[in-house]
């Protein structure tokens, strides 16, 4: 709990996206925005017991199970940022077929493909090493 | 896919439980039993891309999200067998509160506590050190 | 829509159970009771376009998908009453694994086994042949 | 289990769609594709205990319950291919209102209408009798 | 139960929308249409024990929990028509985060914003006081 | 947000239950306990925009929709504490049949009956008038 919410959030969703997302979230609902920064990232995600890559993959598993495609796209990219390979994310989503059924896995894989496409584009565009590990070099590899 | 289903299954749920579970599953439904051994463990869980600890924790996350308490108990123990500490499992279940709501996290933590109690007992029985140490190496892993 | 609700209800859940269930439902909620008799059975189930066996099996599929074990037990027996064999119900529940995941199928098969056990007992009591024969003709159908 | 997966799949989703779907599924995920052909159709759907029309209608019921519109559209057409009339499918979807709520039934009926529209068009276009029974002539009748 | 279904329906969704919705619902499914008018509004919503504003807010809570965005948009407007302020609806949707998770609350707030935008526009256009209370003057306030 | 979490929590679940629940929640998970007190009650439930009776009824609606019987029992009592009559809670649960299906409404009404039984008993114990009168004023509210 040593690290403040905005910093933890940036680690997962990307510093540039925290910036970009601020206006959207404020217009969506200022209170929900505050809950996300202070509670979700400032508390739940802030612990250091669990490594960030496992955290992100568990979130991918949950969002695919719930059929929450919008947030799933964000967390597929977060998982990549934390060092998960495309193949590891695929394995998690195949496991979704066992527990939440084939349609959920199918939809999640389609969302993953689209999210990784955008992730690769943005990585190349900015010529920047991705968030806190050598992920960018490995994208698409 | 090199390893056969029964072997992969034993790695996750414990060799002694595969034995014990056989009669139950045959009486439940012989076809479902075959699907679980051949498809779930022989295919989906058999890949080596994703480490077994992460696989087990993602399954814990999904089962908690779905409110499947019976199978969750089994996979909390499987996660311990793959080397996840009690604290790591707890972190995953706290994350469940964010995505599937507080009641799902609450129920899952109650299931986890009960499953770990049984896990410790069965470990002690067999003269094995239990709880928060290198369990995977000890318990059939 | 020619047939009144109580008659349609009796066809599915068994005349003796309509009788027995009346007090329970009245104590649960008189309005919900009325909705079930007048709307669910008097309207939705009353049409003759779809044969009653298919109706019952589709309900089994939905209840298993939703994890509603209590009502599933009732409809497994209803499916038998409409002439579905144990094997046909099993096939439907295996299909549940594909769409709603293995835990849902597993739980549903356990519920089915218990419900069929009770069904056989009550059939034998009344001196009727049970299991995998033309039950519908025998049991109040 | 005598019939191979691709053949069973063709029977349900239409031979021309298996062809068309191959590239899509390979690009979505080659493993999921293999699971669908070998496990879902090669195993679960391959049994002959349950007639194919009932199978398809139970799948329609489950997909509507789960709100999986994409796959529901495919299986509304599959149900027609197996000889279910538009009115029979409608009856199943009205039953969805009872178990999964009115919004699920409402959304499913909208998906059904769109899927049947496409089904009629494709049947007329190709001037071909539909998959394994004289359904085309009956469409809209 | 003294008031007929169409009247109750008009009170919640707006008289002009009952008119407009009739053709849509008839084309969707005439039976579902009849169930909605006679059962949902003629029975369930017709009681006077619960005030209409609380009814509408509970429906908002349920639809957000279920992720039924289409119907949620309609009931956000219904809640406004029954006198709920934008801030009260927001409070309900923030509570959704606790029970159904943050993604459900997030999606629901986005749906609410869009629905209120349309609600304001239609109120201004028609220069009419909104349905059965002085809501219009307060919109956006 | 002026009122601290434990005070808001006591208002909803009853001061005596906060006391009793503390040990249970600490043993369940100390972090989840803290989240519930600080975030759920200290933030989400703390706003004064929405009256507490409507808040409690919306929570009842959501928990019934999710099938979370344990927490539903607690919130049926909370709704009574905030002045909702048994009949008002019943109306909300009948509405659940429309959106989440009849089995969800059925299960919820059974949970409600049991919870109100316990509520009456505990009220009588403490010499308080129970059931369908101005309870809120009496029970700690």
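For clarity, chains are labelled A, B, C, D, E and F in written order, and residue numbers in each chain start from 1.
Criterion: contacts are C-beta pairs under 8 Å (C-beta built on N, C-alpha and C of every residue); 3 or more make two chains touch, one makes a residue touch a chain.
In this text the structure is predicted, and so the values were computed from the model without any measurement.
On a Cα centroid basis, the chain most remote from chain B in this structure is E.
Put simply, the chain farthest from chain D by mean CA position is F. The equivalent interface to B-C, defined as the listed pair sharing over half of its contact pairs by residue number with it, is B-F out of B-D, A-F or B-F.
Annotation: the chain E:chain F pair of sequence copies touches via predominantly the same residues, more than half of the used numbers being shared. Inter-chain centre distance (chain A to chain C, centres taken as mean C-alpha positions): 44 Å. Chain centres here are Cα means. That of chain A falls 33 Å from that of chain E. Within chain D, the positions touching two or more other chains are listed as 35, 40, 44, 63, 66-68, 90, 94, 97-103.
Those residues of chain C lying in contact with chain F across their complex are 27-29, 31-32, 35-36, 40, 63, 66-68, 70-71.
Taken together, the chain E residues at the contact with chain C in this complex read 35, 39, 43-44. By the touch criterion stated above, chain B contacts chain F in their complex at residues 67, 90, 93-94, 97, 101-107, 109-110, 113. Of all residues in chain A, those touching chain B in their complex are 40, 44-45, 47, 49-50, 54-55, 57-63, 65-66, 68, 85, 87-88, 90-92, 94-100. Residues of chain C touching chain A in their complex: 97-103.
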